[in-house]
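Okay, so chain A shows up in both of these, paired with chain B first and chain C after.
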Partner chain A sequence: MFRRLPDIAGDRVSFTIDGRPAEARSGDSVAAALLANGVAACRNTPVSGAARGPYCMMGVCFDCLVTIDGTGNRQGCQVRVAPGMAVETQDGKRGVER
Partner chain B sequence: MAEPNQGKAGQGANQRGGEFDIAVVGGGLVGTAVAWGLARTGVKVAVLDEGDIAVRPSRGNFALVWLQGKGMGMPEYAGWTRASTEIWAGFADTLRQQTGIDVAYRKPGGFMPVLSEQELEDRANAMKRLHNQPDMVRYPYEVLDRAALLKEMPFIGPEVAGGTYCPLDGHCNSLRLLRALHAGLERSGVAYRPNHRVDRIEPRDGGFRLTTAAGEIRAGKVVLAAGHDSARLAPMVGLEAPVRPQRGHVIVTEKTAPFLHHPTGYVRQTDEGGVMIGDSFEEAGFDTTLRPGVSSAIAERAIRFFPLLGKLNVVRSWAALRVLSPDGYPIYEQSATAPGAFVVTCHSGVTLAANHALTLAPLIAAGGLSDAFTVFSARRFHVPQAA
Partner chain C sequence: MSGHDFDLAVIGSGPAGLAAAALAASRGLSTVLLDEQPEAGGQIYRAITETPVRDRHVLGPDYWHGAELLGPLRDSGAAHWPGTTVWSVARPREDGADGGRTLQIGLSRNGTAAMLTVRHVLMATGALERPFPIPGWTLPGVLGAGAAQILLKSSGLVPSGRTVLAGTGPLLWLLAWQYLRAGAALDAILDTTPRGNWRAALPLLPAFLRSPYLGKGAKLLLEVRRKVKVIDGVTDLRAEGEGKLSAIVYRQGDGAEQRLAADTLLLHQGVVPNLNLANATGCAQNWDETQRCWRPTTDDWGATSVEGVSLAGDGAGIGGALAAEHAGRVAALDVLHRLGRIDRAERDRAAVPHREALERALRGRAFLDTLYRPADIFRAPADDTIVCRCEEVTAGAVREAVRLGCSGPNQAKSFLRCGMGPCQGRLCGPTVTEVIAAERGVSPAEVGYYRLRPPVKPITLAELAALPKSAADIAAVDKH
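Moving on to the complex of A and B:
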């Protein structure tokens, strides 16, 4: 669905999405990296279970919540992807201890 | 008052008239519960409410349906509260059948954890004194030491010394309760009139004339369930409601998977997963401004009880105003000088909603409160102050 602009530079960054190896560019937000890797739906909502994905990309809509390095409900668009980062999509409510 | 109600024609703001058997002043949890119960008896009811910016504790409360610890100094209140917890499930069921709205009432029993051995002893003694009162309507409870509490809540913090437990305690989704009651009123043909702040009530022709911000209403009886505003309205019909606001802060976290399977007096997990943290008590008049210091204090205490809460994000916090009488207990009274006028006010509008709807309202519809309610009269405040 999303393609990178041809003039985008930056080093390659390896991370994981639900345990699978994935690649991003240095400077990408987690939300952008998910979209670039074809993961449009990053969670299901806690109440109705409807699928949600990154939307506003600027910290407002809270739809891009994911688990990052074991901490749930992080805003993917507000965190830069880092080498070795473990990003997990969320199914329903986060657990209280993660 | 012989004229029948003219139905829904002419409910416009400037329409004079509107004839009802009973006008309930107040559209919060107390007023709607009473009105809902009145409508079930077949009488024609109007609910006169303020607008969106009314002081509305019903939108800010903690949603416990709670018995534990209640009734010191007034054992009848323990009995009244216990009765409500016993009919609450049926009440919730009736609401769901009528409106399709599930108010998420659960009665898993509630805990009051404490942070020291001394506090545990004090609490156990308080419960003993409560149950040793003459005429006390007893209810089951247990005092648990730390080991026993750990079996129920393995995630309590290291300082938690134990707690008390009452199997009749529970909670609900009180926002949905308010919504369900309003939906129920609509389905029962009750005339809900927002933006009808009542300016004046006059006994007239055996009934009452209510002058409101949006016209005049006549009713055979009037029930004052206006929360804080009942203090102003009650003297107009020979009653009194000396209530004052007491502020309480509440914090709610993001929704998490269910882990807290019992409500506690200060922390509970809602049916949708958010964790509510509450229980501050502040005398601050009608100011609902949030005080970060208070929010911090209640959050800090909650984390001492349940350290795992520290990882959760807070999504909202607010302050609401309890409606408190001088002794904290409800006032239920029928006017001696204007016999069709009643006052109904309490702090526990959620816990007592079932009683208000199913027990109190039918008595009001039938004519008057029974002798059992004498103890709840505001006349109890007329004793001279102790030196």
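Moving on to the complex of A and C:
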């Protein structure tokens, strides 16, 4: 997957992925934080259920959709990870309630 | 305020947008620079103010040049609104009280939608990676090379495990070089540059020999080729795995299938203009045969077919970061003229040095475009390949629709829903155009492109509903 270069600036940020504690760096997008934690697949598609993960990292492909602090279908690459943030992988469509 | 919030809104803070906003504001236009990202720089100078990569040799001098664009922006007095997503640009139903023509920009900041009224819009929306549809490109573990470079610039992340780069074009080699500098190992580079491209590019070589890219590019290429296993002439490529990438299967020339175990595959075959906003605003666009992509139609000054809307940088046709910077300044001077700040003679005079620099930066571009033109099979792939990632529509389904009478990308939407997912055709548009054109045996110019409509980025109904409404808006939907 992806690893952090050794000589890197930035503070550690604690957050959760599907309830499990995880660590990122300040400045990471949620999608980058997922990849840095070995999570390549962040959702299953609503069409076929196939696994998908971040692809473009610049907000155009919409493959890194995740639920962030209870709100579904957020673009993981466009949101910065924040201390205590709850990131959840998605299964199929976003629910009407979130 | 006389009916508008700013004279000029520049959309996108890559090299074109940074240079344009700085010039326009320093010459007295009230200017706002809008950008979706949290920091200025666009994708090419992504995270330029805050990259965690401390060793400046890793990203290289061309990247750090971006920092020089920030001072002039700060000093110019332009307002800079990062974290702002623009989802529409349109003429308001009624013009300003002062009779002046204005444009209305729909935007979202911090989860709140708002409308901004300006006299002129300069789009500097840059480029995105050309789709590289191969079987398995939707598997987790397969990313764009540009995506991987963003991970490096903004988070200091490099691939671990077995890593393969595949494709063609300068960015692929630049990324490999940056990885070597960073101490990241690469298992192989699969070069898909068609062998025949050299013959086509050769007549264009003289101009390239005078290009600023030549020296740097050659050195970089040689260094990568010395240190990484490069497999040339790859003619067939697919990614395999259950739920995530596990292997890459390829053929070299007419050879037998080869298999490489891999954890990460980084794909790249050039970049194309990011034209969704211009298209949705109604700007005319044309097919560029050399670059094999659609580009919004602009004049020498970046003016589009829509009055009050200009374009500069890669969003108007791929020219690279340096060209974008100079094109941004040329376009800004034209805006100053159109808004009455300078006369035509002053515009023309002031543009001379920027036009000269632009010409230098574009020297040799035709050689690169021709040499790195992706092979037909990677632009219009085999039937079993997904072309529309959102709706999971294959090339075969598109061809079948053509046989049933579908004549272009817009009809393909109603046949197949392709292009109607959240990415709004960004990842399938060029491919769908090429597949339909090839199947019909006509030029892509003839089959056309998606007609895009605002909002060009998804916004929630709650955001839309919370927009301020005029009495006329309410009357228009009120029950009588």
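In this text, the second predicted complex is superposed on the first by the 98 of 98 C-alpha atoms of A that agree within 3 Å, B and C clash if a C-alpha of one lies under 4 Å from a C-alpha of the other, contacts with A are read in each partner's own complex, and residues count from 1 in each chain.
Keep this in mind: contacts are C-beta pairs under 8 Å (C-beta built on N, C-alpha and C of every residue); 3 or more make two chains touch, one makes a residue touch a chain.
Here the structure is a predicted model, which is why all the values come from computation and not from measurement.
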| item | value |
| --- | --- |
| More chain A residues in contact [chain B versus chain C] | C |
| First (chain B), second (chain C), both or neither touched by A:55 | second |
| Touched partner set for A:95, first chain B, second chain C, both or neither | first |
| Shared chain A contacts, counted only where both chain B and chain C touch the same residue | 47, 73 |
| Complex contacts: residues of chain B adjacent to chain A | 254-259, 272-273, 275, 308-309, 311-313 |
| Chain A to chain B touching residues, read off their complex | 46-47, 71-73, 92-98 |
| Chain A partner contacts - residues on chain C that touch it in the complex | 36, 38, 43, 47, 50, 52-55, 58, 128-129, 138-144, 146-148, 150-151, 154-161, 182-183, 243-245, 263-264, 274, 389-392, 421-423, 426-427, 457-458 |
| Chain A residues within the chain C interface of the complex | 1-5, 7-10, 25, 27-29, 32, 35-36, 40-42, 45, 47-48, 50-63, 65, 73, 77-78, 80 |
